[in-house]
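What follows is chain A paired twice: with chain B in the first complex and chain C in the second.
Here is the complex of A and B:
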């Protein structure tokens, strides 16, 4: 039973990794750049959400809408002010710039909200109920279900709406997309906004588990990036799978081996995946023709 | 005229040595010692980032490896410090080679992530392998540097020793970067496919540059361990990697004097912003963002532009032109 409980808590951390990793993946797919300030946006989401909860203590739903929207707005501002200047620069330069930005953001949060972690109110009761002998905390179930439904909505948005199709065209070939009348700058802003909103939601979800502090952003952002790379940077289903995979592996290893080397194990996975299958774990399925077989049958 | 040009750098070296070495204030000497150590460190990063074009976010790991190797050897096994420093430096070079092995298959941002991951792994090892590294308490009472029985215990004597080491390592660095091998690294940075097509063994040269980078970073880490005489895992975090990246970018990537200039400026900033405490990082972050987006050539690049306005200053022009070739 401990095994299943570890897996369930792995699914909860995994859903946070996936929500964050989706931001990395979408920005990478559309601009071929990686925004390392993304983890800090998540921490900021936690703090801003706390501010809104204190303003509207009675209506939790309202702060869950307003908090992420604010983060989306901040993401657009960051993109317009700093990252658009670097659009044509070398990829590594933008990485260095965004790491600088993340340091700035985390220190700014430390100045505003202080260095100590802040506790968060629970959305739903923390009293566990048991389901076929496995103890489940309702709040974790809530986090998991909401994240899964958000991911499904996102995937449907990319597959079935006109705007989503435009974004996919943008990720394939920016110049061809511009020739077809897709406004590149506007759509990149939209992508930053969506990823900011997801980061804000992840920030409010992780807050009851990890507490909010100014240093949590770098830590979780790195994990989410590893998850995205493990699953396959640039592919939405890959990133979701990678996030859940990393969450489960981390929880199982800390449960059964040692919690000291928890982040070391995820780093080890990153190196192994990069060495043997640099396009992510999902590309292994392509390699063994599991997916091609279905296509040829059609 | 040519002989003056050759004597000029020697003249400057001796001048700075004699001015700084006899400053009465020990505190300033302490700062200069830090500058010397960080100069070697940023040279080590520069050969990777500035010359080969590989960005590393994990040089704190190399620094920690060098420091821990010499600390363990000299405290546990009684190896004389001067020997253990060179052993630690060589050991870190080998470790750099091993960490750099993925370079054969991956590049760019993924490689940067591997370096970050390895640095994190080294820090975790230092934190959790209590029997070897002392865990979170770290290693104290590291012996002072000594050669043939004469100890470098005071800041002043240490300054002369470090100065000599920096000059030797800078000299070797300049020789490496001006050699055929150094030029091939720049070719790899500019266009890897073109470099491969004219017969440069890219993977091999990248691995060698990882080795050299590890050598320099390990040397600086080992010197730091004997300088501070107390090391603990909390001083080798990600912020150290950002700091040294800041030095290289601020001074100017791909220039020898740029990385020394960066080390000087960053250490001075570090000291003068001491009252800000942890908020110092804010300044570094802003510095990184502004330098990268507005002055990607670094301070050496700014100097180059300024010297264009004052054409009469022949000495500055001569050195800048020399750097341009590098």
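Here is the complex of A and C:
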């Protein structure tokens, strides 16, 4: 039973890694850039969510809509004012610029909300219930189910809507997409907005489990980035798989080997994946490229 | 013409005031007391507690006028809980700010690193928070401690669990830094000597936020008490996760669990937790009561034991300066070392020959989100 309990708690951690990793993946797929300030957007999501929860204490749902939307808006502003100007710069410069941005955001959060971590109200009960002998915490189940449904919605959006197709076209070839009449700037703003919203949701989901603090973004952001790379940076299903994989590996290795080696073991997997399947874990089973399920016909 | 005259008058007045005003302020000589500790990042709450205690003490010494012609000034350096930054921070205090004494740091690893700077420069340093026994065992005569050591804490906690509460199956969960590793070793030694070696010993890394795998392993061993050797943020997360998991154990611990932020973060789950403290705001002794009142008035919150210990540290320095003046650091050191039965807020303080001020702590239980005498 302890094995299943470890897997379940790995799935919950994994769903947060996946939600956050999707932000990295989408931005990478569409712009070939990595936004290292993404983790800080998540932390900001936690804080902003808390502000809304304090304003509307009786309606948690409203905070869950307004919080992530605010982060989506902030992501658009960051893209418009800051990253778009760097669009043509060398990738390395953008990496450094977004790392700088992450420090700025983290310090700003520290100034606004103070250096202490903040606790969060629970959405639903924390009291565990037993399901065929395995203890499950309702809140964790809720987080897991909502995350899974969000990921399915997102995948459907990319596969079956016109906008989704436009974004996929953009991810394959920006110039060809522009020639086909796809507005590049507008669509890149959209992708930042979606990734910001996901970061906001991840921020509000992780807060009751991990608390929200100005330093948590760097920690979880890095983990989520690694999850995305393991699963396949640029591939939506790959990133989701990578997130769950990392969560489960971390839990099982600390549960059955030693908690001291937890990070070491997950990094070992990262190295192995990069060595033997550089496009990510999923490409072993399925040749996935970027945002597509199906192989492109060229 | 008229305009020019007015301009001239204004310029002259401003110029004169620039010359005269500092003259009034120069009456008193500024003497710097350095404070070094984490003011940002994950252990900031402890560093800020220390700083506020020192600030209150310095205000009081300045107001009392006991140090004629001297105005004590606090300079704070943030070491982020990082030993390397702590060394450079202490250099800044000693050489650039010309601090006459240093108070800090919080993390034992930082104090162990940065006290070499004050030793080299011959400046006394008092740590009101660092609790690793090693701090005073390095043969460094410039370092003093008004905190309670982990050796005392470990003994108190294990005796409380095994003797007073009659628990038999101890589990330990600790942070794998020298703070957690050393403390855990002492707990294991003492409990083994007492005939009940711990049934589970698990660790976690700094920055970890999910402890379910460790707790599941601990749960399997069916313990009746859990000793947490950790900083406040992971301690609060662990306490919450213990409650979520329905793990029925008595939680005890030092350090992080004694920080009010811990109670705030862990919420209801913290109720019942037992800790040990050198200071408790319910004390009715007049000098402690007056400290608690003054602190509440200035900061709008109830002081914690780090505030009390930091306040004691600066008061001991103040008493030494009163005795020997501010000119010779080695005389100041000797005056600090000779402190006997100093009536501090965190107990009666006397330094032994290695700079340790061993004294007893009170058992405290968290009830309804408050630290209450056990």
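Going forward, the second predicted complex is superposed on the first by the 285 of 298 C-alpha atoms of A that agree within 3 Å, B and C clash if a C-alpha of one lies under 4 Å from a C-alpha of the other, contacts with A are read in each partner's own complex, and residues count from 1 in each chain.
Heads up, the rule we're going with is that a residue touches a chain if its C-beta (ideal position, glycine included) is under 8 Å from a C-beta of that chain, and two chains touch if they have at least 3 such contacts.
Keep in mind that this is a model prediction, so the values were computed, not measured.
Of the two partner chains placed by the overlay, only chain C lies in contact with A:254; chain B stays clear of it.
Residue contacts after overlaying the shared chain place A:96 against chain B, while chain C stays out of touching range. By the touch criterion defined above, A:135 lies against chain C but remains apart from chain B after alignment on the C-alpha atoms of chain A. In the superposition on chain A, contact is made by A:209 with chain C only, not with chain B.
In the superposition on chain A, contact is made by A:110 with both chain B and chain C. Applying the stated contact rule after C-alpha superposition, one finds that A:152 touches neither chain B nor chain C.
When the two structures are aligned on the shared chain, A:82 is found in touch with chain B, with no touch to chain C. Using the contact criterion defined above for the overlaid structures, shared-chain residue A:263 touches chain B and also reaches chain C. Touched by chain B in one complex and by chain C in the other are residues 110, 115, 260, 263 of chain A. Residues 39-42, 44-45, 48, 176, 202-205, 207-210, 212-214, 216-217, 220, 233, 236-237, 240, 243-246, 261, 264-267 of chain C are the ones that touch chain A when the two sit in their complex.
Those residues of chain A that touch chain C in the shared complex are 2, 5-6, 9, 13, 110, 115-119, 126-128, 135, 137, 209-211, 213, 215-216, 219-220, 250-252, 254-255, 259-260, 262-263. Every residue of chain A that touches chain B in the complex is listed here, in rising order: 34, 82, 85-86, 89, 91-93, 95-97, 99-104, 106-108, 110-111, 115, 218, 222, 225-226, 229, 260-261, 263-264, 267-268, 270-271, 274-275, 278. Considering their complex, residues 53, 55, 57, 102, 105-106, 108-110, 112-114, 116-118, 120-121, 124-125, 127-128, 238-239, 242, 245, 249, 278-279, 281-282, 284-289, 292-293, 296 of chain B touch chain A.
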